[in-house]
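What follows is one structure encoded as structure tokens, with my remarks underneath.
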Amino acid sequence: MFFHVKETQYRAKPSKPDPVYAKKLQEVLGGQFGEISVMMQYLFQGWNCRAEQKYRDMLLDIGTEEISHVEMLATMIAQLLDKAPVEEQEQATKDPIIASVMGGMNPQHAIVNGLGASPNDSVGYPWNARYTIASGNLLADFRANLNAESQGRLQVVRLYEMTDDPGVRDMLSFLIARDTMHQNQWIAAIAELEEKEGVIVPSTFNREYELTDVANKFMSCSEGTESKSGRWASGPTPDGKSQFDYVANPVATGQAPMLQPAPGYIHGTPPFK
Amino acid sequence: MFFHVKETQYRAKPSKPDPVYAKKLQEVLGGQFGEISVMMQYLFQGWNCRAEQKYRDMLLDIGTEEISHVEMLATMIAQLLDKAPVEEQEQATKDPIIASVMGGMNPQHAIVNGLGASPNDSVGYPWNARYTIASGNLLADFRANLNAESQGRLQVVRLYEMTDDPGVRDMLSFLIARDTMHQNQWIAAIAELEEKEGVIVPSTFNREYELTDVANKFMSCSEGTESKSGRWASGPTPDGKSQFDYVANPVATGQAPMLQPAPGYIHGTPPFK
Amino acid sequence: MFFHVKETQYRAKPSKPDPVYAKKLQEVLGGQFGEISVMMQYLFQGWNCRAEQKYRDMLLDIGTEEISHVEMLATMIAQLLDKAPVEEQEQATKDPIIASVMGGMNPQHAIVNGLGASPNDSVGYPWNARYTIASGNLLADFRANLNAESQGRLQVVRLYEMTDDPGVRDMLSFLIARDTMHQNQWIAAIAELEEKEGVIVPSTFNREYELTDVANKFMSCSEGTESKSGRWASGPTPDGKSQFDYVANPVATGQAPMLQPAPGYIHGTPPFK
Amino acid sequence: MFFHVKETQYRAKPSKPDPVYAKKLQEVLGGQFGEISVMMQYLFQGWNCRAEQKYRDMLLDIGTEEISHVEMLATMIAQLLDKAPVEEQEQATKDPIIASVMGGMNPQHAIVNGLGASPNDSVGYPWNARYTIASGNLLADFRANLNAESQGRLQVVRLYEMTDDPGVRDMLSFLIARDTMHQNQWIAAIAELEEKEGVIVPSTFNREYELTDVANKFMSCSEGTESKSGRWASGPTPDGKSQFDYVANPVATGQAPMLQPAPGYIHGTPPFK
Amino acid sequence: MFFHVKETQYRAKPSKPDPVYAKKLQEVLGGQFGEISVMMQYLFQGWNCRAEQKYRDMLLDIGTEEISHVEMLATMIAQLLDKAPVEEQEQATKDPIIASVMGGMNPQHAIVNGLGASPNDSVGYPWNARYTIASGNLLADFRANLNAESQGRLQVVRLYEMTDDPGVRDMLSFLIARDTMHQNQWIAAIAELEEKEGVIVPSTFNREYELTDVANKFMSCSEGTESKSGRWASGPTPDGKSQFDYVANPVATGQAPMLQPAPGYIHGTPPFK
Amino acid sequence: MFFHVKETQYRAKPSKPDPVYAKKLQEVLGGQFGEISVMMQYLFQGWNCRAEQKYRDMLLDIGTEEISHVEMLATMIAQLLDKAPVEEQEQATKDPIIASVMGGMNPQHAIVNGLGASPNDSVGYPWNARYTIASGNLLADFRANLNAESQGRLQVVRLYEMTDDPGVRDMLSFLIARDTMHQNQWIAAIAELEEKEGVIVPSTFNREYELTDVANKFMSCSEGTESKSGRWASGPTPDGKSQFDYVANPVATGQAPMLQPAPGYIHGTPPFK
């Protein structure tokens, strides 16, 4: 069960309104790697967790914190929209500054949301649940989480560079630090699991059933051999089972497919005699 | 530029049709972590690559290979649909076996695709480009790739358990092995980059601008302290900058937000005196 | 069956083109509460209606009128796009007025629709059928309809404030009045049904099967008790069954969940000994 | 800021697994009127609230409670999926009971989520943010909320009828009662606002600017006059401004539109001489 | 403006309910090539039409007819759902026939729509406006229309084969015939335009600005030369400008791309020395 | 199986960066009729092809070429984004030129993609698989392909008019020419099939089962008879079976629908006595 206190987790107040920036900031609220995504991802991983209690507890700890981040961003965006200019068009287009503000705003911030935040990204595309990853395999999911915090911190940093509002930067400096922490956290959690399970997900599949012949081969399906000079193309594989093997000219080993004609009730292209 | 040869990269032929399984197998063709996703992800990362040539070359190598995997799965699904029963309803519902086949099929396989594969997932939801991750930061993106290969191998393994068709299992044993290779590959590539850049993405943001106070704190926003016993809650942080610090009772440090009334032209709830 | 006459239901002609405003006006054509939504919603409620004929007839009356509103908006938008400047970029960016017009236009209006209206909202997101509500319970659906007309009129009013084109305002003054009528209509229809059925939807569920203990409690899950001073927290409940009861400190009455480990074929995180 | 305790708000434990029912129950978790929708809707209305504090407090109270409902449903669904049969196809299709279970399951519950809940609806379509309504006008939004609780209770009641599992019914009896409370709550809140503002949203638009001529007319655009016998077609309008007026044969008052030819750079159909 | 009469354009009454078939029939109501798509497509093409009046008139004629087809299908589906079995799960799974019906139904037909039709396709995916094509170029759009009627008739024919209900087949025999007519219609309309404009869309682009060297070459980017034996690989091109030319081994004529490093504020992968 | 060479199929290098144009150019990369659509469409038609080998070979030839077009556009867009101005807001809004550039950019190009291309359209809406058409009937699908190349060339031509960058125009002159070729190709392929099968898709449905009475009637459901003067309203039908027949005043021939009340467990509106 959940409870709420009125104060935000950290300060969330801009120095002045900026409706164009409000549109951009939506990306880290409602975008693929915004705070709604990590909130939902950690909560669902926690609720679905069938492993040791410490994982469930940890996931719900961080999932709950992310709701607080969603709250901070929504609060910030609503204030960035304070008194956004929604005036008569003719007047506005005569003043290039106002016109550019109005051109750069998300029109739904005024028409649909009445100067409030919305759960959409920076182009107005709605957040959707296909962004949420919860597979039941924690090593797989912690890798998803590390990715989410990496993409997320990268986006927040880019947004930090796009403003010089001290209030906005203050809040972002908090979020960036939390993303640093969360990257550290998932790296540590991944290391703990990899030590127990090994590095290949899922660890429980019997590797005799896979075609081990090709489990260590880098196939250069693209002309050129610059790709040969990476760590991924020589030396021992991280799973400790083999050595990387660089195949400069991979070949097809299957057949050329021949499909059977469709039955009559499908009304595909008829066989012409 | 791209070229095609007629043979598939590996064998892709079922022992017999199975339209219910065809529906399920769509998940790893057109789902969030299906082959279309990694194909598009690696190709766009390669085309957008502004780093050393070896990365671009490697990304296009593997992106090109993934097109061949898409081809194998589409070919397999089309054959699993051979002569799928699309008969008169009344007859079918009298025979529970046929009825269960028809109930378990994706109706679009017959009505829309004429017994062919489609770029959708196992519930018929269309593949979409929000699955594609290409941020311009390779360390972030390689983590996305490691996650994709982990989720992908997990799903293929689950599908392997759901069939005993030797032809399908033969093809899946190939795909599982390639996913093993690709997990190994991304782990190696990540290690190479982390050695140069450190582990926090992006490495180039000046950490003086972040609120370092909270960059090492695990905040237990959820009741209970089981989460304290993980590696993520004590010991040095992986970025080598600090020690994890467990905050058992985090507190809100922001203010309770108070938004200004909306301007009149927004027609929000009017202020009542 | 449907028939069409050439004249629009009301005048739909702008005084002059304004492609930036055309983009905004799309919201009430193809947005969540645009005319396409109410058109589809009323028609589907009518076609699916299993109640008295007067409801079916009324729903098809108003659903048919909404098609005429869609026509008016599409016609208006096409004219607002007349001769939109789609000129060479270099020239345009030298003239800030033209540049701001081009920046504020929806690029698909030119590239995709050839200066025509499209069934999308003001950020270009396509109308979709999840906006359509038709549950088979008229009291529930009339509440959906009242909401749609309330959100719709609010959006049209905001758009009215964003233009001073007399032709556009003329058409909007008609649509605003029809939305007034339709709010009145649904309020009246709801009152008629509530008188017969009571206010709780659905009225036919045996209330002995619900946990009546909590059917009148306002639970203050958020710190602070300002919420206590509303009508929703004290006095008789509108369904006449009870008195509102304010619970200042609600508590969890369930258990802490413990899920069973997943079976082996799921390949979740393995149990570590 | 938000906090979590381990116990669920109410009991959420089925008597036995039922993966087919798990699929159906997803509707009220991740569907248009599921718990995620009301959670997001109330939270965003609260965070964006520019009116009196009691409204903000109340919205965050109930928004926070809805997170707890999401948790209960996710927990219930995960348990309904315990040990779902994901066995070899051939075997299964010989046993019609198992086959029908497998045919009726959502395949993603096994392949993607490893027997966990997901933020999708009963056909596997992902929750998306276009379901969230927050306009900045509380009367409009409370009507959206009353609709959501009406549709929501209707769906939960239908799901109650589809199971006889005592554990599931126990939880649903709690949710149904809370939906009763929330319908009561929004009716009371709406009444309070309507008393201050009147019934037409938005109340602040100057009605001289609307075409009052048509603000009270029911237009029978569909053949037949059964629609005349409803309360919406005669008597005083609920806004107290007029009497309903039934127009049996409405006529078009606009012109037949004539659009100008597109400019050359649009390459529309050329004018043929 | 639009008007409605109560009778459907043609009979729409099944001989008996069949909820599994109702799910399938949704494809031609709310799918990509269902009746909603052609309704919206023809209406928007008509409303946006900037060419001769006869085209606008014709498009609105057929667009209006398609609304009547939507009505017929919705009416049919609602009746196919009459008294669909939504009983207790346990009972049902003991009777394989009932279980297979329930497994094959769309659960939303009961839970969300109360045994009514919905604007979704046969897998429950919502109709969306990206299906609507209206470019402002009639030759392009009539080709879209011919395709829509071809895919549509194909799907209706497949659905005809999947039932033996005389009432359903009666209605489908009408829709199939109208699709025949509409294919004939668009072929005739296309021929009329091609005679005036030539066959290449758009006809108004100055062909000196295109790279005429490659405007007649079939490039065999895939191994094998079976593709050489088609009409598309030899003989005069349909636009009358040239002869088809078969290029057995096309080569890349561009350069290998080299992108510049990203500026610092993008925080891409840093250049490593 | 697929292979890649480093050079692009044709030159893809702009004369200078132009981030506003980059946003627009996304339409023909990731829009409904962009290169990703035709790539996926031709490849899936090829992989699913159950007809003669020459069709499969031809489809894979052209599908493979389209991957190369995707590559060219992605490469072009990445370069158009070189050093896009992502500077501090305050500064920028003082310079209307920069402001208009920033207002006209897609913010995700900077925040999400780090100055790279993405698989989205010109309003940032993601490419999705519902754009892919592959029905198993080649005549239907070739009509889809002809439409795609017509819409596609129209869009590229419009984009050609919106720039005067010689490098961009050089690449577009290549793509326009290839679209000319592909229109020619599909026209030729359609003619070949129509000669064998006739013009109505599908050709294999027994026309005795359709309601031939209405298979030749143009129904004027919209007031006015301008539509009578087209080729579609008189003369022989293209399928050679009949003469077009113009019905000036079509009438409804079905009944007014009457649906049965819903069963009790649906909890629709109860029957009021």
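The chains carry the letters A, B, C, D, E and F, assigned in the order they are written, with residues numbered from 1 in each.
Note that contacts are C-beta pairs under 8 Å (C-beta built on N, C-alpha and C of every residue); 3 or more make two chains touch, one makes a residue touch a chain.
Listed by chain with UniProt protein names: A, B, C, D, E, F = Manganese catalase family protein.
The model shown is predicted, which means the values in this text are computed figures rather than measured ones.
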Chain pair with more C-beta contacts, C-E versus D-F: C-E
Chain pair equivalent in interface to B-C, over half of contacts matched, among A-B, D-F or A-D: D-F
Length of the line joining the C-alpha centres of chain D and chain E, rounded to whole Å: 29
CA centroid of chain C to CA centroid of chain D, Å: 11
Overlap residues in chain E, where contacts from two or more other chains coincide: 1-9, 32, 47-48, 50, 55, 57, 60-61, 64-65, 68, 75, 78, 86-87, 96, 100, 103-104, 110, 112, 114-115, 123-126, 128, 130, 135-137, 139, 154, 157-158, 161, 202, 205, 221-222, 224, 252, 254, 257, 259-260, 262, 265-268
Contacting residues of chain B [partner chain E, same complex]: 1-6, 47-52, 55, 86-90, 93-94, 96, 99-100, 102-104, 106-108, 110-112, 114, 123-126, 135-139, 193, 196-197, 202-205
Complex contacts: residues of chain C adjacent to chain E: 1-9, 30, 36, 40, 43-44, 47-48, 50, 57, 60-61, 64-65, 67-68, 70-71, 74-75, 78, 112-120, 126-130, 132, 134-137
Touching residues (chain side chain F, partner chain D) in the complex: 154, 157-158, 161, 265-267
Residue ranges of chain C in contact with chain D within the complex: 5-13, 32, 53-58, 60-65, 68, 72, 75, 78-79, 82-83, 86-87, 110, 114-115, 125, 128, 130-131, 133, 135, 137, 139-140, 143-144, 146-147, 150-151, 153-154, 157, 160, 169, 173-174, 176-178, 180-181, 183-189, 191-192, 199-202, 205, 207, 209-222, 224-233, 235, 237-239, 244, 250, 252-257, 259-260, 262-263, 265-268
Residues of chain F that touch chain C when the two form their complex: 18, 20-21, 23-24, 27, 31-32, 96-97, 100-101, 103-104, 121-125, 154-155, 158-159, 161-165, 221-224, 252, 254, 257, 259-262, 264, 266-272
